[in-house]
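Common to both upcoming complexes is chain A, partnered first by chain B, then by chain C.
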Partner chain A sequence: MYDKIFPPKKIELSNGRVVLEKRSRTPLILLIVMIAVYYSAQVTGFSFEVLFKRISEFFIIIKEMLKPNWGYIDGIWPELMSTLKMSLFGSVAGALIALPAALLASANIIKNRVIVAVCKTVLSLLRTMPTLVTALIATYVFDLPATAGTVAIFLFTISYVGKLMYEAIENVDMGAFEAMESIGMTRIEAFRYAIIPQILPGYLSTSLFCFEGNVRYAAILGYVGAGGIGKLINETIGWRDYSSLGMIVLMLVITVYTIETISEHFRKKLI
Partner chain B sequence: MIEFINVEKVYPNGTKALENINLKIDQGEFVAVIGLSGAGKSTLIRCINRMHDITDGQLFVDETNVSNLKGKQIRRFRRRIGMIFQSFNLVTRTTVLKNVLVSFVPDNPLWRKITGLYTQEQKRKALEALDKVGILDKAYVRVDQLSGGQQQRVALARTLAQNPDIILADEPIASLDPVTSKLVMDDFKRINQELNISVIMNIHHVEVALEYADRIIGIRKGEVVFDGESAKVTDEILQEIYSGNIEELKAALEESHAHV
Partner chain C sequence: MTTIEKQLLQAPRNHRYVLTVVAIVVILLAWSVTEFSLKLDSNGMKIASNIIGGLLNPDLDFLFNLSDKGVLYLLWETFAIALLGTIVGAILAVPLAFLAASNIVPKPISWLIRLLLIFIRTVPALVYGLMFIRVTGPGPFAGVLTIGITSIGMLAKLYVDAIEELDVKVLESMTSIGCTTFEKIRYGIIPQLASIFLSVMIYRFDMNMREAAILGLVGAGGIGAPLIFAMQGYKWEQVGSILIGLVILILLIEFISNKLRSKLVNG
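So, the complex of A and B:
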């Protein structure tokens, strides 16, 4: 199509042979991108003027946050702990359920195509749902903020670990599995003894990584009323109490950093 | 005793893998199945323990009609038949001993299956099986640290721990060097003679087959074209088995000469 509108350039070699050089598509793509950017700016109401005028406000907030309200620690502590509990429990439970879910979604282990298709669809549906939305729905269902957060994290962990695991299972070397079947094991038993040892390090590593991410997620879940430290963030911003907010952010950074360091240490050992 | 009566196997895509197979293999025989790649050797072996289903005819193993078995019966039946593979098919990420111990899993209670724990008696049996193939000292080494020959012996020990009546071997030495092949073949021969376990082996190395097996079965395009004692195999017979592909035959012979 493009080549018809802009015919290829003909290059004639010294021996009389002709080479056709297709016209570059880059100018067209650039044009499309520029038009898209222009319309995006129009729709979002972006203006450089506002950006320059209001940027000073940002530094005022940052300045306030840099003077953390140390006395606020007592208020933060229980919420921080509940954030951690939510993400830990949600992650562990989710990772446990993810394994059988991944098994059922693996086309090389489960021969029934319907089961495989249903499990894969459920896993991808769970994944498309943003955790924040899941948490919001869960707050209406369970009424208890911490439970709602846990459920949201639980579901996200299933989808995330489940997806990565069924891919790992489908790529696994089936030789050992065949040998186990020839010994007289059922497919599930063969899975337990031939596939699990192969995917176990990857599974633990993925689960730890997911837990790391979940701690960060859990911090904002409070925004939609699903418990944890997000509730405090919402409150302090509402009161424009930026020094307390600075304290929360500081605590959060320390916690997340600690957990990430520990988890990274163990993940390195696993692989 | 294994008995094939007019066995036929057609794959779902229409390929005829086996046709009109009639064989009788007695307990304790050492049988080598030879033929070109794609002639149906693997299919023949895999029908015996129902890794493949036959599409026509009957196949008996000790009066059991293999085609009639279902679900749990198949698995009980497979307990008595060991299988060895070209690529060893071990779980390379765990220890040698754990690889051997899996042969006890089907008889274990559920809690043991879940936890992966074994009894002291089972461990002793597994270690004895490793001793029989001469790699007892590697019991607690991870499989991926072993050489190919050692890995095939682990596979052999895994099969022995199963205490089988029959061992099916699918190209057991195809990925091994000549010296290691000889060691593994010696193990097969010893197991065959000392424990009276039938060995049915697919093999590409004609010379090795003639040296170790009591009986040769030649397969061409899914049909048995020779069945008799190894001593009676002549160059003409080999040509018939490998007909149409003299070059390949020569290559196979040269390769196996290199083994001796």
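So, the complex of A and C:
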């Protein structure tokens, strides 16, 4: 279609043969992106004027945050621990449930198309729901705030680990599985001895990676009342107590960095 | 004893190591379970059934309303925030990425910039959102800036990986045939980086759709604010229609982004 409107350039080589060079599609794509950006700027009210005039406010807040309120540590500690508990329990429980879910969603193990399709749809629906929205719904259903947060993280972990795992299971080498079935093992035994060893390192590493991300998510869940450090973030910003906010962010950065380093160490070992 | 059995016995044993790790994980789990109880709210079950009912009977009028109060307009606004935010972030991330690449600048500078990127990445998006609202006032503009700055961390990190893997042999051969610096950048560096940068940007845009959808919760525009108002007002039919619209849009964008990225990577 595009080649018909803009015919390809003809280049004649020295030996008399004619080569066709297709015209670049970059200008068309750029044009579409420019139009989209223009309308987006209209809708969102983007203006450089406001940005340059008021951006100093942002740096004033940053400057306040750079003077952390060290006395606030005692207030942060229990909430930080509760955030960690939420993300740890949610991630482990989610990763455990994700494995059977991924198994049911892999087309090469389960021969029943309906089960596979239903499981895949459920996993992708769960994945599209933003964690914060799940947490918000969960706060209406569960009594304790921390439980609501744990449930939100649990559901997200199932969907994330589940998706990566069914992709891994669908790409494993089926030779070993078929060989084991042919010598008389049941499907479950064959799965245990042929598939699990192939996917186990990937499974553990994905779960660890998901746990890392979950600590970050858990930090904001408190904003909608689902327990953890987000509650304090909401309060300190409400009171414009930016030096306490700076302390919270500092603690959060240290925690996340520590967890990332530990998890990266184990992930490197696994692969 | 057959060779296979010998080989099996020779395999390294790390039972003690595995057991220690498992024990630590179990202890941590036992500690984490203290915060958890499945006790439902007094009318939790009723609300749960209301939510499911709302999802099954969405407010169709609200869903297909074309005015600027309808779901379609709100989705378009969310999309616009994510798109513009991604572009702002992608532009800001390029200089930072070059400054953080250890094959371009001296080690101390690259290390400092990396530390800065870790800080930028760890501050939750909601915190940026609440800070930018003080700058621009509530509305989608704050959302754009928030998405922009939260994207920098991940974009710059992935850009750095691409820059550090640049094939310098191409540049050396270009120098040897007498290319100028500008020509080296145009024909030696840009072709190597452009497709990776674009693919990273598209991936981040996909993630930003989800971020933009929740930023409304702090008043930074998009679909989040109507969602939280509908929930606080127990209007589950409206919640249902917003969630259905959001899920369809996100799935659609994910599908397109996967197609585009596989095309970019495979040429």
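In the analysis below, the second predicted complex is superposed on the first by the 242 of 271 C-alpha atoms of A that agree within 3 Å, B and C clash if a C-alpha of one lies under 4 Å from a C-alpha of the other, contacts with A are read in each partner's own complex, and residues count from 1 in each chain.
One rule holds for everything that comes next: a residue touches a chain if its C-beta (ideal position, glycine included) is under 8 Å from a C-beta of that chain, and two chains touch if they have at least 3 such contacts.
Only a predicted model underlies this, so the values are computations on that prediction, with no experimental measurement involved.
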### Task
With everything superposed onto chain A, say whether chain B and chain C fit together or clash.
clash
### Query
Which one hits more chain A residues, chain B or chain C?
C
### Query
Is A:143 in contact with chain B, with chain C, with both, or with neither (first, second, both, neither)?
second
### Message
Under the stated touch criterion, which partner chain does A:66 make contact with: chain B (first), chain C (second), both, or neither?
### Response
neither
### Task
Using the superposition on chain A described above, determine whether A:32 touches chain B (first), chain C (second), both, or neither.
neither
### Message
Contact-wise, after the overlay, does A:194 reach chain B, chain C, both or neither (first, second, both, neither)?
### Response
first
### Which of chain B and chain C A:220 touches, first, second, both or neither
second
### Message
Just to be sure I read the superposition right, which of the two partners does A:11 touch: chain B = first, chain C = second, or both, or neither?
### Response
neither
### Task
Name the residues of chain A shared by its contacts with chain B and its contacts with chain C.
none
### Query
Residues of chain B touching chain A in their complex?
49, 51, 75-79, 81-83, 85, 87-94, 98, 102-103, 105-106, 113-114, 116, 155, 158, 162, 168
### Query
What does chain C use to touch chain A in their complex?
21, 25, 28-29, 31-42, 44-45, 47-48, 51, 76-77, 79-81, 83-84, 87, 118-119, 122-127, 130-132, 134-136, 139-141, 143-145, 210, 213-214, 217-218, 221, 227-228, 231, 243, 246-247, 250-251, 254
### Summary
Listed in rising order, chain A residues that touch chain C in their complex are 36-37, 39-41, 43-47, 50-51, 54-55, 57-58, 61, 82, 84-86, 88-89, 92, 124-125, 128-130, 132-133, 136-137, 140-144, 146-147, 150, 216, 219-220, 223-224, 227, 230, 233, 237, 245, 249, 252-253, 256-257, 266
## Note on the structure
Note: in the complex, chain A contacts chain B through residues 175-176, 178-186, 189, 192-194, 197-198, 200-201
